[in-house]
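Quick notes on the structure that follows.
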Amino acid sequence: MAEDIKKIMFTVRKAPHGSIYVYEGLEVKLIMAAYDADISVVFMDDGVFALKDGQNTAELGIKGFAATYGVMVDYEISKIYVDRKSMEDRGMTENDLLVIGEDEDTEEPIKPTVIETDQIGPMMAEQHNILCF
Amino acid sequence: MAEDIKKIMFTVRKAPHGSIYVYEGLEVKLIMAAYDADISVVFMDDGVFALKDGQNTAELGIKGFAATYGVMVDYEISKIYVDRKSMEDRGMTENDLLVIGEDEDTEEPIKPTVIETDQIGPMMAEQHNILCF
Amino acid sequence: MKLAVLVLEGPYNHEASDSAYNFIQAALEKGHEIRGIFFYHDGVYNVTKLMEPPQDDRHIANRWSELGAKGIDIVVCIAAAKRRGIVDDVLVPNVRISGLGQLTMMAIEADRLVTFGD
Amino acid sequence: MKLAVLVLEGPYNHEASDSAYNFIQAALEKGHEIRGIFFYHDGVYNVTKLMEPPQDDRHIANRWSELGAKGIDIVVCIAAAKRRGIVDDVLVPNVRISGLGQLTMMAIEADRLVTFGD
Amino acid sequence: MLHTVNKSPFQNGTMESCLRCVNPGDAVLLLEDGVFGAVTGTSKTALIEEALKNAEVYALSADLKARALENIIPGIKVTDYAGFVDLVDQNKVHSWL
Amino acid sequence: MLHTVNKSPFQNGTMESCLRCVNPGDAVLLLEDGVFGAVTGTSKTALIEEALKNAEVYALSADLKARALENIIPGIKVTDYAGFVDLVDQNKVHSWL
């Protein structure tokens, strides 16, 4: 990757559906992916709920967006991390996570990468800029 | 008080200044006081910060409203309660509370009445309607 | 029962507006009377006709307007609306701007007042 | 430094808008360059000329417009604005509606991007 | 009394504040992000289990489905908007915003 | 790194989440309702005292005055918007919204 490519991180810390932050935040990620930037996304705190498989907003009468997460890898957003501690507090395991795309060669489903909380601070420190939604 | 006077309670649970809920909520109380209703206001959780004496928003450049609380009794809103537990958690004592008016006869300053958390549920149960802001 | 509903958050941004709408629909289906719907705080943004959501999404202002067309009194607080730029010119039909006295009357006259907000 | 500011909440309703303004004023006084200000989520409500706050209160939209008059690029997200009824007709002067690509460029080109929201 | 809670208990103290004020026999309805409190095996499960000894706890089905929440704490009653209306019909209500 | 926190720690978990991710030597700025965390003698004081062993903690004066907060935890530095700008100049920033 060229040296002048800027590293941009997104943190997703809010729950999905209760507010539009996660939904409109996703729109930013998709647009930004089209530019020359090295994008990573960290889901932590209530943001981990956004990655839960099987969300269905039909009965609420609002648009869902879990399907869009399912093709994040196609948008070349593949550095997707989820905080283990946040998941554990919320009774979630890796099995609960939705698929974010599939491997080009093997067609194996790709899931977000589970990380430890103490990895997040150092990851933040090496970014050019960080957005929170 | 006539039997058909409805009891309306307000709960104030949000911190002042960070959002407009407390400020615009105060406007509702002042208007409602002009109608035939038996009004009480309970400050709890971060809402107790709204009753802190000495607030000064000049440096923020926003309008304050602590002065209006100072004349609540003049608006005939005198049933003002504050939850002791919420104050204690936040390092507040009765001395920190602002004055909400003065006694008509003695001109003694009147402060909000400190109550215990277990009084709040029963007070709620006897209301006609309860508004939260 | 005679029901009043208070909405404190703006459309799309918070689920409150959707919850209120779904709740009111269910109450109407059960034959309850809606004494009124009052928009306060950012709730006043719910009824601007200028909103243009994506084609495949719900149109929140039009939904409220349709409830108003059924004869439900839908009131936007004038003080909250002025501060936020919601004026008569931008309202959807069947909605009116008025004062907090209207909320007071709803709180007194309705058997139940349910609040949706953040 | 070259600074960009992202505002995610509406005026008056949340302190975010005031914090952002006070922060930007302080940055200007120190001679920093403002690469741009971007309004997203309910932040788009910050720049409607229809707002009419009480006489003794600050006029948030006019404040932003004055910053725009100084040459600072102030951008409102078109997708967020359409959904919420913020259109060209209601904008204060010196502010423009554009796409999220503008936010992307700010995030890449500014040395620092500071976000104010809820 | 009906108490409604619409905030995630993992990020916000509202559910705990509400449960401190619940009278014996009151009903608590979890809706919007409040339904995250309805799940078993989380750091907040014990709080709701304790509340269930004293109160009726409901969770709104539309919000549960939107969030793909399935392992609901035994004793919590899942209800829909019609059930929400009935709860309001039967009780005075306080929305813990 | 500069971390900004704008939520009351009494109602919201954001301050605790932030403090879990602070690197040694990082700066934390409390602003808006976040300044409620800067006060001594509260149920959250110990949390900030612990953070002070590892990080610089600042609180925004305009927000402290608006809320009449005076008994600030020793070690916290009170700063103004100009100081906030300097902190941003010197550090990458993450806003914990």
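Every chain is named by a letter (A, B, C, D, E and F) in the order it is written, and numbering of its residues begins at 1.
In the analysis below, a contact is a pair of C-beta atoms (placed from the backbone, for glycine too) under 8 Å apart; a residue touches a chain by one contact, two chains touch by 3 or more.
Because the structure is a prediction, the values reported are computed rather than measured.
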Chains touching both chain E and chain F: A, B
Common touching chains of chain F and chain C: A, B, D, E
Type of chain C:chain D copy interface by residue overlap (half), same or different: same
Farthest-lying chain, centroid of Cα atoms versus that of chain B: A
Contact-richer chain pair (by C-beta pairs counted) among A-D and A-E: A-E
Remotest chain, chain E as reference, centres from CA atoms: D
Centre-to-centre distance between chain F and chain D (centres being mean Cα positions), rounded to whole Å: 24
Chain A-chain C separation of Cα centroids, rounded to whole Å: 34
Residue numbers of chain C (touch at least two other chains): 8, 12-13, 15, 22, 41, 54, 57, 112-113, 115, 117-118
Shared-contact residues (touching 2 or more other chains) in chain E: 6, 10-11, 13-14, 32-33, 62, 92-93, 95, 97
Residues of chain A touching at least two other chains: 14, 17-18, 20-21, 45, 60, 62, 128-130, 132-133
Chain contact graph, described as a line, ring, star, complete graph or other shape: other
Each pair of chains that touches, named by its two labels: A-C, A-D, A-E, A-F, B-C, B-D, B-E, B-F, C-D, C-E, D-F, E-F
Contact set on chain D toward chain C in their complex: 10-13, 41-42, 45, 48-54, 57, 61, 82-87, 90
Parts of chain D lying in touch with chain F, wherever the complex brings them together: 1, 3, 8, 15-16, 19, 22-23, 25-27, 29-30, 32, 112-118
Residue ranges of chain D in contact with chain B within the complex: 12-15, 18, 21-22, 54, 56-58, 118
Chain E partner contacts - residues on chain B that touch it in the complex: 11, 13-14, 44-45, 85, 117, 120-122, 124-125, 127-130, 132-133
Sites on chain A touched by chain E in the complex: 14-18, 45-46, 49, 52-60, 62, 64, 89-91
